[in-house]
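Naming follows writing order (A, B, C and D), and every chain is counted from residue 1.
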Amino acid sequence: MHNILIINTGGTFNKNYDPLNGTLFVDTTSKSLENIASKWLCEFEIINIIGKDSLDITTHDRMELLATISHTHHEHIIIVHGTDTMSLTAEYLFDGELEKSIVLTGAMVPYSIDPVEATANLCSAYGYLNALKEEGVYIAMNGVIGNHDKVGKNKKLGKFIHL
Amino acid sequence: MHNILIINTGGTFNKNYDPLNGTLFVDTTSKSLENIASKWLCEFEIINIIGKDSLDITTHDRMELLATISHTHHEHIIIVHGTDTMSLTAEYLFDGELEKSIVLTGAMVPYSIDPVEATANLCSAYGYLNALKEEGVYIAMNGVIGNHDKVGKNKKLGKFIHL
Amino acid sequence: MHNILIINTGGTFNKNYDPLNGTLFVDTTSKSLENIASKWLCEFEIINIIGKDSLDITTHDRMELLATISHTHHEHIIIVHGTDTMSLTAEYLFDGELEKSIVLTGAMVPYSIDPVEATANLCSAYGYLNALKEEGVYIAMNGVIGNHDKVGKNKKLGKFIHL
Amino acid sequence: MHNILIINTGGTFNKNYDPLNGTLFVDTTSKSLENIASKWLCEFEIINIIGKDSLDITTHDRMELLATISHTHHEHIIIVHGTDTMSLTAEYLFDGELEKSIVLTGAMVPYSIDPVEATANLCSAYGYLNALKEEGVYIAMNGVIGNHDKVGKNKKLGKFIHL
């Protein structure tokens, strides 16, 4: 099996409910991700960067993500990312010509609200990456998995589809 | 993506609690499996055969499973199976020289008790199978994924490990 | 047992997550409440009025609530209400001199995020009201139950305490 | 509010799944009960005695329960008990003429499988006991609450009803 680096950038996947003010916030500690990964994945490392809703991710943030991937010795990478700009980030990374195998995933509903969806997406990304031989940038969401330019979010349906 | 056939043979994955007599039983309707698959997988079919705890699976049951796989047009197959004899069934299928890509999975705890584990295992099997190029018989459990003779249940730990 | 009227006014108890825009909204259909009540209560009716976060409840809304209670033949009433102004509404109803037994309850975390807290609060209010002999206005939250002027929300702790 | 003693005697409420042998067992540590009580009740103590499925409770066990209630200074008591012989134990305690307020409760489905039912029953018993003025032995199950001789388990329906 590959030794996988999971880069947690925030997004809905990591949102928690704050009962003190009644709102959802992006938890930057990756507690949700570790809950899943420690039990249902093996041979991985997690790092947290950016920690934002994907609508707030800037070009500067994407540069940081690209640099992180360039500098790590890992060749197999999962990125947990907000859904709204997942395709944009995927394309940015593709243009970076990284010669690594990268799968982006996330969740439409926070792990803290529905642990099943976040788990399903992360584990299908993980399974896919473990059998993957080719370099490239892929997306795995809601059972739809493929090259980043063949999978995208349909905002009306609220789910990812084959393009 | 591959069009996947999911063959549900029963096992802990499908156990439900019966409050009338206080025991767990194998639900042969695949309701648990459909709950996950309808939301978190795509391009699949489900069939139910055998419907047993894996300790009760006989050679005759394994012949039925082998025949089912031989006769289907599907080349990519997930088998949901009890954990105690998963490796035995995998070996039996391997000896059948099927020239298909087969991943066995299941759960240590019923979906009805912990939906997260069953989802994690099924989705990692699904992700793996979608990127898989080689024929063979594989096992995906608890984040440990690989050739069927390299992955097995450690009964003391109550989980699957690399052999 | 008493025949109880449950008046659902909204609040955090009824908030659902909308994956299309990533926000929580007050579901005015009382689906959450019916999920609990249909299974764990008996001899009750539910009506939905107001349907607001309690910070948005106006004097006009409280007049509507008071009128609803005055006009019903029920003498035992549970009010599901947002937590921020629960005490204010309780005092308003107390001043209305209704000669009925009224228990206000709600949740700090939406039923859709944590079904256990909402269930605990509703069921303790329900149990309390069933044994109650006196008229009055009471609050039942987080295991703290008593006369409305003896129980209140501590906003720093994010829970209700004895005053 | 009353200072309540919760006597945990076992039963389905406390059953956990053991993945090593695939069976349910009565957890005698009251972890499930403490999970609920620490968050959703206040002013209570818990003790564990007997620790059995209620079909296995003997007259000797009931004598121990009666003695425990006689000797405690608490006057308000919740008993968590298996459902099959809950009425039998209630009658035994009633015959003991204890001059205390006692509510028996439990669950049809283990807390570990469905935390909502166990929470609903415990919290309705707790609410009821807090408003109760009379001595006596009561049962609170599935929203049906009343004197122990007016509430009983219907084994065909798998729930408690008014007798």
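Rule of thumb we're sticking to: a contact is a pair of C-beta atoms (placed from the backbone, for glycine too) under 8 Å apart; a residue touches a chain by one contact, two chains touch by 3 or more.
These figures come from a predicted structure and were not determined experimentally.
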item	value
Steps needed, at minimum, to go from subunit A to subunit D via contacts	2
C-D or B-D, whichever has more C-beta pairs in contact	C-D
Between subunit B and subunit D, centroid-to-centroid distance (C-alpha), Å	39
Length of the line joining the C-alpha centres of subunit C and subunit D, rounded to whole Å	26
Shared interface positions of subunit C, touching two or more other chains	none
Pairwise touch network: line, ring, star, complete, or other	ring
Interchain pairs in contact, sorted by label	A-B, A-C, B-D, C-D
Touching residues on subunit A, where the partner in the complex is subunit B	1, 36, 39-43, 115-117, 119-121, 123-133, 140, 142-146, 162
Parts of subunit B lying in touch with subunit D, wherever the complex brings them together	12, 17, 19-20, 22-24, 53, 108-110, 112-113, 155-156, 158
